[in-house]
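Structures for review follow.
The following pair of complexes shares a single chain, chain A, combined with chain B in the former and chain C in the latter.
Here is the complex of A and B:
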């Protein structure tokens, strides 16, 4: 899935609200036993994904194939196809918010959100670096794959070379990244102990109310389906 | 005039080594002064900047001796963060100084760190983006910026912090002529305003005139004066007599204006010239297949290249990337060149030609940026491509190192190879007798 952002509604929603909803959805994924409640959640999350994130067709095919195999395996092994369907839906409810949150939240917005709730500075710093780390590693892996292609090595067709051609250089990059980025951050004057201003103070907007109401309605509907089941 | 920065008897030995790569360095930097440090790649220029900024030895290990002070107070007990209150630093690899994903967010990030009020951030951001020619990219994702635009962005971010001392490690590396001129004027203005600027740079043709003092960093020490240049030779544009090896027609990609048509013959050198962000790297990536064009045609050695994968194209086409870190995988310099199918004698010959034999057992990532670039070139030439694409490979090269690379490239075209390169360095184009294609 490409994490390229489209001009979108979710990107302007208060990050704290998105984090709260993501946590609630993760809890739901573990708690819900009704297939239909999970299907409703998956449906809403899929709609949000397709309107917020540029999704490549091959990613859809890949994820679809993985889910089919997962469901088939679970169904065959357990002999309970309802349970297999529930497992696949749960998996999607866990995965989709984890993809949507980083794809629709700028690192700067995240730092502002954490500062607004007075999270300890060291935690803000760690979370910010982690947030920055994931796309960087994705980018580095892509660059290493491309550099291999330029040497005539198509890693997708030669899994035997994954270790020497991808993992080793990637691990090297990850290790050096940690130090490089700390130096970079310090040279930019970031000090977790010092007060920071914010160019776009976090405000509650009408869109946030709308989103919160929508999320509440969704959770009530999901609760209703679970109750009746 | 009292100096702001004073470096006395500075020496540094990297971890695990007894031999110092900086030895007894003496340097002062007064308010309003621009001090230029030039010298061969790997001679310790970046190490000097890193020692003043505090990166060395805190983040690298190793043994530092001597004294570095700011306004009479020792900086040695202070961290990079604490020194950053007085010292603005632009590192050689600006990508590690970028922390957000949008241009405007990045400029705001540094000002937020300084606790500047939101109203002032908004005003200052507009001024900075206009000053650095990034106004039309203010809402762009940073990933979409070219290397030159990223360099301008980080310069804007660091200069916005307005510290009394600026340490700039090759700030002109990726800048086009207009961008470089703009930065030069800005640095002169900043110096007139009282800032002290320490500049490490290879593009001496640009910066030598504005420096109040110049030093040559060689064999770990600083000597007054600039390094002796290698005599620049100019070759006339070579007539293209060989067969056509690459032909592109109306290649189109993304939001770029129409890319120029190319007809490249064996033995020919073509320079793609244009401002930062005009699509030079994008065109090279379209030629090698890393990007897929929205339209147009591309023929390489008589075959429809658009039907070939990157790996298939790589049999005849080599690409030296802008950032050598993305292209070096082996655990030794020799291993990087000795790829499958490469004759050991040829690998040795390339290492010797590019003056990398003394480093043959070293890990590629332990080399200086300039040495890494030479190694990346050796690794590509080792595969004997018919066409070689070179993206800004002259960056970070001292005249001697650049001359070695140009010798190797001349030998390549002399044997019928075709070169397509991008470079802001006029010496490279004139020495190779390149035909210029404007973007």
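Here is the complex of A and C:
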């Protein structure tokens, strides 16, 4: 799903708060049995998604088609269309926070959040490196795939060549990166056991209080609907 | 020279483990279309295992000591936990299984230990994925389907075995790369 970021309220909310709400919503998706409670959650999440993230029309069509097929298949197999609708709503409650959180949280904010919860410095280093190099290694993989295409080898259609054509050269590049990054960090005197300093430490803002109150109100409303059902 | 359990982790170890984590994430993305074609919860790791095991083997061969799998898969679990904590849960169960093998063998320096650790890791991903599917998704179509299948040991046992074998294939490929890297002077490992 292709999502483009918009300047938005959710982007400035404390990442720890968003992670906590995301976990709470996932738990709700598993626990709630009321259709209306799920519908309320889906409604709020959809509004947040469309307000915070620029969603392409083809992505909406794709997800809509998937949900229709999923619901039709479940309804046909189980013979219970209410159950099928509940399954589709639950799926959306699971999917939407998973889209919203990464799309509205910068990698730097996430690293600051992990530092704020006092994760060991070596773990923060590992997380930072993984976040930083994921796009770089993906680009390397793309370059290798394109180089194969130039030689007339379409790796997408020939998984048998993935090992020799993609993974072997990719691993050689990754190992070279590991050496270069280690030398770079060593020469800058980086110590993985020492705590990292930050120029912009994570702080609680008035917007976070507003977001926390809104989230609490939503969860209370959802709980009320589940209780009355 | 063998790395002892007491020896401190160095910066180069953390960097290498982090880049292997990136490799694990990239393989998950590359194999995702194949994994989504497998309809059984947990068994989807069969598509991921042959490629992910290459990076696990490489990391274990380079880092050698207990904690190597935890450092690679634990960071991946932490990152994927942002998307869904159920993914983190089955990754943590799998890394515990692999680390248990490492703990019993005194590290991952031996090829056989690496093979067993890979097999344990991917069999555990299959079983724990299944367990999570049944326990937490009960009441949803996927969870009910998983619950139905879980009562059938003739489905669960072969799925876990195939996952372990897929991990073994990845281990074999990983050892080939370890050999190539060692021959190229890019990796200092015990064989």
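The definition used in the following text is that the second predicted complex is superposed on the first by the 158 of 229 C-alpha atoms of A that agree within 3 Å, B and C clash if a C-alpha of one lies under 4 Å from a C-alpha of the other, contacts with A are read in each partner's own complex, and residues count from 1 in each chain.
The criterion applied here is as follows: a contact is a pair of C-beta atoms (placed from the backbone, for glycine too) under 8 Å apart; a residue touches a chain by one contact, two chains touch by 3 or more.
Keep in mind it's a predicted model, so treat the numbers as computed, not measured.
By the touch criterion defined above, A:198 lies against chain B but remains apart from chain C after alignment on the C-alpha atoms of chain A. By the touch criterion defined above, A:85 reaches neither chain B nor chain C.
In the overlay built on the shared chain, the residue A:207 is in contact with neither chain B nor chain C. When the shared chain is aligned, chain B comes close enough to touch A:147, but chain C does not. Within the superposed three-chain model, A:178 lies in touch with chain C and out of touch with chain B [touch as defined at top]. In the overlay built on the shared chain, the residue A:169 is in contact with chain B alone; chain C does not reach it. In the superposed model, A:101 lies in contact with chain C only, and not with chain B. Of the two partner chains placed around the shared chain by superposition, chain C is the only one that A:26 touches, whereas chain B remains out of contact.
Of the two partner chains placed by the overlay, only chain C lies in contact with A:125; chain B stays clear of it. Across the two superposed structures, the residue set of chain A contacted by chain B and also by chain C is 168, 172, 176-177, 179, 181-182, 185-186, 190-191.
Chain B meets chain A in the complex at residues 53-55, 59, 79-81, 84-85, 88-89, 91, 93, 96-102, 105, 108-118, 121-122, 125, 141, 143, 157-158, 161, 288-290, 309-311, 314-315, 318-319, 321, 325-327, 329, 339, 365, 379, 383. Interface of chain C with chain A (complex): residues 9, 11-12, 14-23, 25-26, 29-30, 34, 51, 54-55, 58, 71, 74-76, 78-79, 82-86, 136-137, 139-142, 173, 177, 180-181, 184, 186-187. Chain A contributes residues 4-5, 106-108, 128, 132, 135, 139-140, 143-144, 146-154, 164-165, 168-169, 172-173, 176-177, 179-191, 194-201 to its touches with chain B in the complex. On chain A, the positions that touch chain C within their shared complex are 19, 22-23, 26, 30, 33, 70, 74, 77-78, 83-84, 86-87, 90-91, 94, 98, 101-102, 105, 110, 114, 122-123, 125-127, 129-131, 133-134, 137-138, 141, 159, 162-163, 166-168, 170-172, 174-179, 181-182, 185-186, 190-192.
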